[in-house]
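First the structure, which I've put down as structure tokens, then a few questions once you've had a look.
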Amino acid sequence: MAWISRNWAMIGIMKGLIVTMKHILQIGNRKTVTVQYPYERMKVAPRFRGRQAVDEDACIGCGICETNCPNSTIQIVKYRTRWFPEFNLGMCLFCGLCEDACPMNALKMTGDYELADYTRESLIYGPERTLFKKEVSK
Amino acid sequence: MTTNAYDLIVAILSAIGLYDMILGFFQDIGAEYVLRIIIVLVVIAVVVVFVLLTVMFLSWLERKMFAVVQARYGPMVTGPRGLFQPIADGVKLLGKEDTIPAGADRWIFTLAPYIVFVSVLLVFIPLPFGKSLIVSDLKVGLLYIIAISAITPISILLAGWASNNKYSLIGAIRAVAQDISYTIPLAITAIAVVVFVGSLSMLDIVNAQSGYWFGIIPKWFIFLQPLGFILFLIACIAEMGRIPFDFQESEQELVAGFFTEYSGMKFAMFFLAEYAHLFAVSGIIVTIFLGGWNGPVIPLIPIELTSLVYFIIKTYAVILFTMWLRDTVPRVRIDQLLNLGWKIMIPLALLNLLVAAFVVTAGVI
Amino acid sequence: MNSAEELKYLLPASVISVGVQTNKPLAVIKKEDILQVAEKVKEMGFDNLSVITGVDREDRIEVIYNFFSYKKKQNLVLKAILDRTSPSIDSVVSFWKVADWLERETYDLVGIKFNGHPNLKRILLPEGWMGHPLRKDYDMSIEQFVTVGEDGEDIVSTDGSNLLRGE
Amino acid sequence: METETFLLNVGPVHPATHGVLRFKLRMDGETIRDCQIVVGYLHRGTEKLGEMKTYLQFIPYTDRLDYIAAMPNNYAYVRAVEELAGIEVPQRAEYIRVLVMELNRIINHLVMMGSLLLDLGGSTMIMYGFRERENALQLYESLCGARMTFNYIRPGGVREDLPDGFIPKLNEFIKDMEKRIVDYEELVNGNEIFLMRVKNIGVISAEEAINCGMTGPSMRGSGVDYDIRKEEPYSIYPDLDFKACMRREGDSLARYLVRLDEIRESMHILKQIVDAMPAGKNVNQKYGMAPNTGAPTAVTSYFPRIFTPPAGEVYCRIEAPKGELGFYVASDGTTKPYRVKIRSPSFCNLVALPKMVEGLKIADLIAVFGTIDIVLGDVDR
């Protein structure tokens, strides 16, 4: 009983209603902020840690990324004639320790974040999917 | 002078000169009652279709309103601005597996959602959508509405009990407790209006609100009984079971309350009933306190049409208000709600009734 | 005089030695006297038991209590050395209520038995789990599977063949 | 009237348990007679992992403890390692660390306010909270490349220096936030229904709170004026001007208001840091490396995987957004920690819950639980 006698006017609720009304009318920079995801995407930051990519020319297959990985995500496999890392993204923490440790700056983490797939096997990103060649002009 | 939708259809048919022909046909085969049944069925079909369309639109409106308040878009993909989202939802719900939990009372479990929906649909019978646009003007209209509303908690209790789930049972018992404690102030405030009108008929209540005081203020009961209006509104929101009084489902505590175990079409029935109830109760508020379909008469356009438009506009205003409120406030606790109902609303409603009775007896108005 | 030395002064028989745990005063105590020490420590104003740590040192098991006093803004670390084969020590739940869960956790993961604890059951792992994971000799090659039984209690088994794995 | 009590099982999958927590409630109608908490559904063996990974490799796992506010977890562990090995940290790195931690405190409290209101049935606040949180997360994304699992703080400094345009964006965020917080206050604080639900509910006295091991804002809501940042200052907190927010009532409302005040204090700290941010290296020279990625001016931390601190043990605690977060790290001189023990705030704060909710209604359980503000990753580890 005591609580309502003090709050007869329900001023607090009125204030709240005004706040929500401001949002309905979008007064004072209270505009819609969400994006329509599959149709429009937000820009990811340059440092974003997404799927790994390996510079084909720079990578020497040393395996430092493999030893540095906390979760045994990386395995060095033979591809064509040379050795490259293979990433099991199902286990990847996206911590970026492999990128930090790479002595040749060959391993980069890209802004690719849409990695969901149907099977565990397809989450294993071998060299055929992660290798890239650096453009000479850059 | 037409008084209800049946007469209106007859009048329209007569105006275009078809009625006598059809009537003649049926008289020839000696089955005049078949025509009556057909017309009644047409009226029922129109009302049901109208209610279903409104329900679909309302569910879209609610989500959109919610989204706008929360700086979101809401449904956008199906149709323009996601307008056909309710249809997509309906198709999805139809395709869902219709599960009945082990240990549930199968018959009651299956029956309960339909009872809810039918009991809500019955409320529309004495509700005047516009001049002459009434299924049937019952002489006990208001009493009938309050009585029919009391079926809903019974079916909710059935649903909760039959689910064999503790959350459902708590939700159902909450719903009943809430409904009992809020039907009383609802009825008492409605009686205060009846005291002024002198009739329980919804049509009489609307007619009593036509005209103006001093030429400007419409003779709506909201101006005569502001306290009564507020009490009635709160009781109606509680009756509808919407935030801040949505204990029957209170998602965060009871998962989904009495329809925790429901899925597929049965869930859709509860869903439809909820929005149909929202529309019906808003219509009742409009009819009793906001002048019903009364509004300025526009020449050349038939009054049946303008009155319908006025009614819809007013009803949507009430609905939008409840949605706006829902977006803003959290939920009350069940014991606080019952406290509010029994200790504050009922005494105030009685006071309101007393003042109304005094005013009428003293002949002030 | 720091708090560990103060404790040694107050209870010379129970405190074996004093030292530091990287800038926090540390007192190594006899495990039999833990209740006495706890009472004294509480009297000294250490109202907050921060954490109980159990460490398996291959040859012994250490249990470490980190205390803090809100009144005096002081730290105190107690360490008791337990027998490795059947480590047990008296519970301090009666002094600090938070010890309830901390001791259960230590029991669960390190396997220290706290005598007099009101409800000494596993807390993080399900009842029936084999071994205490933070022991150095914990056998990680055993795969253990947890399922929920009819009455809602967890069932641990090493047989994972009947589990649903839709692949 | 004699009634029969019944057992109600709330969770582990339930809309209001913030994860996989389970309550076993003995109910008398709507009233809670006894509450038992069952935890462990999210146990991932983080402490065991700590013994199996090297010092560097364990940092990403600390992100997964309290994933709402991961930066303090990073910091607490890294600080323990630094104390163990005696690693010097440049001043600029400390400033950046405090900056990101205070930003994380704002995020944590926004999420807490939002989810509390959601638990009470008002679903608008969480969207407003998440709207501002999104801006902060974008700041983090530009800073360290991840939005929630940062892996940013390394022994000896931070992973990378601030990117170009970070400070202006941060200023914008603070300016925006100052306006928004007024909105929150108007929407929530005065709301009579909200007050009905939280005022004088779940009261816990200061002595009880201390005895039950409550820490952080939950304890400060009970009138214990204690903040590790103030009383046992670490990093650059001695140089900063801020106060420990405290309320005396000890009820749910007080715990909520303490958090609201802390958002203000954190913004005040952020402003000071932006003004006083010193130049210099973002990482100790010994563990820095020439830039290999990102902005050309940034120095990437290259903390070696093979790192052997001297044998010893350390218990290091900091004031995380949820309370006292402590890391006990014991080293035996090898490349991997001998023992890692995590004293998580959520775990210890939960001890007091059964006492607080006894005799209340089931709806109050949800409200009180919301104000304690736990994350199940932090409870179960």
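As written, the chain order gives the labels A, B, C and D, with residue 1 at the start of each chain.
Throughout what follows, a contact is a pair of C-beta atoms (placed from the backbone, for glycine too) under 8 Å apart; a residue touches a chain by one contact, two chains touch by 3 or more.
Predicted, not measured: the structure shown is a model, and the values here were computed from it.
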Mind having a look at which chain is the central one, using mean CA positions?
D
Between chain C and chain D, the Cα-mean centres are separated in Å by 24
Averaging C-alpha coordinates per chain, one finds the centres of chain B and chain D separated by a number of Å equal to 47
Roughly how far is chain A from chain C, going centre to centre by Cα mean, in whole Å?
39
Can you give the whole-Å distance between the Cα centres of chain A and chain D?
22
In chain B, what residues contact two or more other chains?
69-72, 327-329
Touching at least 2 other chains, the residues of chain A are 13, 16, 19-20, 33
Tell me, which residues of chain D touch at least two other chains?
124, 131, 187, 191, 193-194, 196
Any two chains that touch count here, so list every such pair.
A-B, A-D, B-D, C-D
In the complex formed with chain D, which residues of chain B make contact?
66, 69-72, 166, 170, 243-244, 246, 250-253, 255, 327-336
Flag every residue of chain A that touches chain D in the complex, lowest number first.
3, 7, 10-13, 15-16, 18-20, 22, 28-29, 33, 44-49, 67-70, 93-97, 99-102, 105, 108-109
Which residues of chain D touch chain C in their complex?
9, 39-40, 43, 45, 47-48, 51, 83-84, 207, 210-213, 215, 224, 226, 231-232, 312-317, 324, 326, 328, 330, 338-339, 341, 343, 347-348, 350-352, 380-381
Complex interface listing, chain A residues touching chain B
1, 4, 13, 16-17, 19-21, 23-24, 30-34, 36
Please output the residues of chain B touching chain A within their complex, sorted ascending.
65, 68-73, 76, 324-325, 327-329, 339-340, 343-344
